[in-house]
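Notes for the one structure printed next.
Note that the chains are named A, B, C, D and E in the order they appear, and that numbering of residues resets to 1 at the start of each chain.
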């Protein structure tokens, strides 16, 4: 939770989220549409998460938007190689604010066992990641766990966070243009 | 081409019957199937509220075991680190000092023992490699986190708490010969 | 070296879509890398005239993970987890293929029980693999419920795997010389329940699609390939069998006691999507038959090979008590066991076809060279030929029915 | 009088929007039930706030317009889609007249003699929303979706129109209310025109871009189809328009074939009670039809584009024509025109 | 083909009868015959093996490279696995090329499936296949300037931060 609190302090809004903001945050968190960027093994486990046994739709997340334009959450599941890195970055840039990133699995988080010349050692080298889910591949339970952490973030996020200097600075470190 | 195995059977050349040509009978048949599912009990496991019992041999978060007297089993031989395909284990060995006999079982112990949970692929090779029955994977899942640093688990999280011991006897017993 | 490839390499044309506008009749369609139909990451740049595909050009390697190089740096027992990630829909087959390769190299004699246990696990994972593929064909035609029904069954298979090895998908199941543990009670219960319930659920899925005229019309003549052409491309597995060639490694070079089992090899006629779908459906039934046979006749005995103490880890009690076991334990983990020098090719019938392991050993700690014959990689090159002249919808179906697994494709 | 109408307009628009909102929830729940799942269950009781949450999220999401798009058309597209789908609800007779404070209130915003023609006309405009938006977004997948959608609409409108003509012939009036009135009690057209009903139902599926005719947005091929480039509330309008369309289509199907607000045994009631019960019957029918729409969607695979055209032109239109001719002949005989 | 016995000796004999001086050495390893052949004649051999009515080894299983840095003048090896589906006989053909001039004839016009296998071998080892229609990198990035599977190149990614090399003996 460290991240959120820090941001709020920086914004000067303190802990006083206005009531409206709170309601909007809750509403947002109930309707997080994911964009599954599933490349390999973790993608199969993501499918299992969507499947009947775990049913991600309980969180209102079964509407998968395969186009980045209307997605709220980028779920990166699987190995991202250096060749794929620019593609991932482009997808991230195409998403409209507010957007969150969930890195699922060891490969996406850190490269996992693939400490090799062709694999990106964690997607946080190219895009900012909000929640990491460990495991290779993570169980559906773990993915749901990560998703719920995202919900927690969404719920508590001030509406203006995306315009804060902090956030702009964060994107700048990743060389991502901030569109006003 | 002639048959290579003499036990092949063509499975896909059944022509459509008249009823199948009419679209609707088979469609109604399919709709009947889905309709039956309407009244089937759902199979969903509502994860955060309901938790599944994993198999006793499930490979989840690691634990560093202590023995009956509460001494750490690990002797810092480094086999687990060598056996790790992801190179996720880091340890620094230390000599046991006088007076520490009730803390560490062997003369050597691990001063630092860190597992990078983001790298770990939960393959279980460390557990197999350990000659001292010190490290075990357990049926707990590793939670997701907001920050990368939170995943480097040191001895404070890995070593079991004597007041809250983690039972792995089922895991050791499962699959032993004689059980049917 | 660097100037050698400079003139040959054309730059990646990821951005070709935005530059080229629709001009005349022919448009360029960028199909992938993140297109939902690719189920993994690869790219097809298609030239299309309306809905008709004139030509297509593939780019692969988006999740190239350097398996072969990695395998050269890892001791033999650490390669099993790597093979998991080749065809992740049927990891146990890869694991066991690799273990059998090493066993062939060291000349281990494997007990019959291990063979039968392996057959059960491998056929279960073949079912899981084919279920994913066929249900995804269903999804791509728009019938989503079948996918959901089938995934419930697949979840049960994963539960069974979990009882054996402790993981669901990337199993790291089995060890060189056998299994890490015997089948547990939980396994027996779950397998029995699965064998009893699966056929009904499966036939239900089958009746949702296989005789539905919309589905038949969609898949018939979608992405056909003839037997001769398929062989030239090096197709194996269900995709070759759909073209009418009954080549199956399990029958041709029986490994792991496959000669003991009675099963038929389903073949198709034209090698189109419907054939591939039906061949896989029938293979699931045959796999079930094999599992039933193997489980009924599961021999008593040891779950690991007794005659290779230098490769199979000794039990933990022995490590404490016996010097010899302790030495073996350390040597195995450190990877200091000398292996024979030689060259082995071993192949198993993976979920997608002949999964081969070409292992060159120089006696060292790690393989000198390990090459995987990855069926996906080889047959995916036939894809442009199969879809030329077809529509985009058919291209999507062809792709999903080929069951191209990105992990296996890119290595 | 004007105020009365205005209230009615607002009520009916609100009802259509609400119905569309909750059909999204119903769709998600129905999908879950068909697939042994639970579906959304974390947003209020029975997840009843789920559509609102979606709406709120869409409203406050950043509203980007991609580069290289035609900005104005990009904005107009979803607007047209929304407008056309809502405006069809004006001619639908929701029930018999209510009596409020002594004055009669017709449960229909605009009663004119050519209601069915109006609906057909508006329906054919509605594809412009898709066309314009997709064209403006400068994306090939969108364009494919739009082309598919428009040709599909044109093709299936023919068969739909032919069936509608059959009904008109039977009733002898173009007014929707007259059509409904003619099916008093249990005297529904479906019993006279079962083939017509099936054809009309299929066409309605195609007109609303529902599976198995959802080629305009089949995500396995065209990612999002015509709304690939849309985000935030503009996307919301498109998705919403689809559900409003579905609602209206269900209403029209029930008017033409299932007797609209008629229900068996309605003669034993009268006055406002009758009106309210009629309203209830009408909505029950609509919900049932919407549910069948969803049931179909989650069961059967979709057609390929050319097969869809074949089905439309080579099968449904001939069937509709034959149906029309036979109906015509029968009407001629029964009315005694040959004698 | 019925009276032909597919023993390793008969196969070897038939090949050496057809091609004089082609086979440099042969070896039977784990029941597969490996023949090392002259680089200039591999194309001919594979073509003949495919068309020959007796041997009929007409299925290409695998093409792979191998690198022996110590083997001066013959550093890079190319291995072909061919398989006769009717006879179920596998044959391994290997040829060596020097690392300075690693050129071998492409067999794409014999087996169309060899296309990507050759590209992969080029990508990994830098072996050039003469006559290949589109010899360029396939799995790696196009701007990579070395051939990663050669023994001298490192495996690890230099950007990995979370590892202390001291503990892994490398």
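We adopt the following convention: contacts are C-beta pairs under 8 Å (C-beta built on N, C-alpha and C of every residue); 3 or more make two chains touch, one makes a residue touch a chain.
Just so it is clear, the structure is predicted and the values come from calculations on it, not from any experiment.
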Shortest path length from chain B to chain C (each step joins two touching chains): 1
B-E compared against A-E, more contacting pairs: A-E
Chain nearest the overall C-alpha centroid of the shown protein atoms: C
Chain separated most widely from chain E, comparing mean CA positions: D
Chain of greatest Cα-centre distance to chain B: D
Rounded Å distance, chain C centre to chain D centre (Cα mean): 46
Centre distance in Å when chain B and chain D are each reduced to the mean of their C-alpha atoms: 50
Interchain centroid distance [CA atoms averaged], chain D/chain E, Å: 63
Separation of chain A from chain C, taking each centre as the mean of its C-alpha atoms, in whole Å: 30
For chain D, residues contacting two or more additional chains: 31-32, 34-38, 219, 223, 298-300
Chain A residues counted as touching two or more neighbouring chains: 52-53, 55, 58, 66, 83, 110-111, 113, 115-119, 136, 139
Multi-partner residues of chain E (each touching 2 or more other chains): 85, 139-141, 148, 155, 162-163
All chain pairs that touch each other: A-B, A-C, A-D, A-E, B-C, B-D, B-E, C-D, C-E
For the chain C and chain D complex, residues of the former touching the latter: 17-18, 22, 27, 29-30, 35-37, 51, 138-145, 148-149, 152, 208-209, 212, 214-215, 217-218, 391-394, 396
Touching residues (chain side chain D, partner chain A) in the complex: 28, 31-32, 35-43, 47, 49-50, 52-54, 56-57, 60-64, 66, 219, 223-224, 227-232, 235
Complex contact set, residues of chain B against chain C: 1, 3-5, 7-13, 16, 20-23, 26-27, 29-30, 33-34, 37, 43, 54-59, 79, 82-83, 85, 121-125, 128-129, 131, 133, 137, 174-177, 179-180
Residues on chain A engaged by chain E in the complex (per definition of touch): 82-83, 110-111, 115-119, 121, 125
Chain E residues touching chain B - in the complex, by the definition given at the top: 85-86, 162-164, 167-169
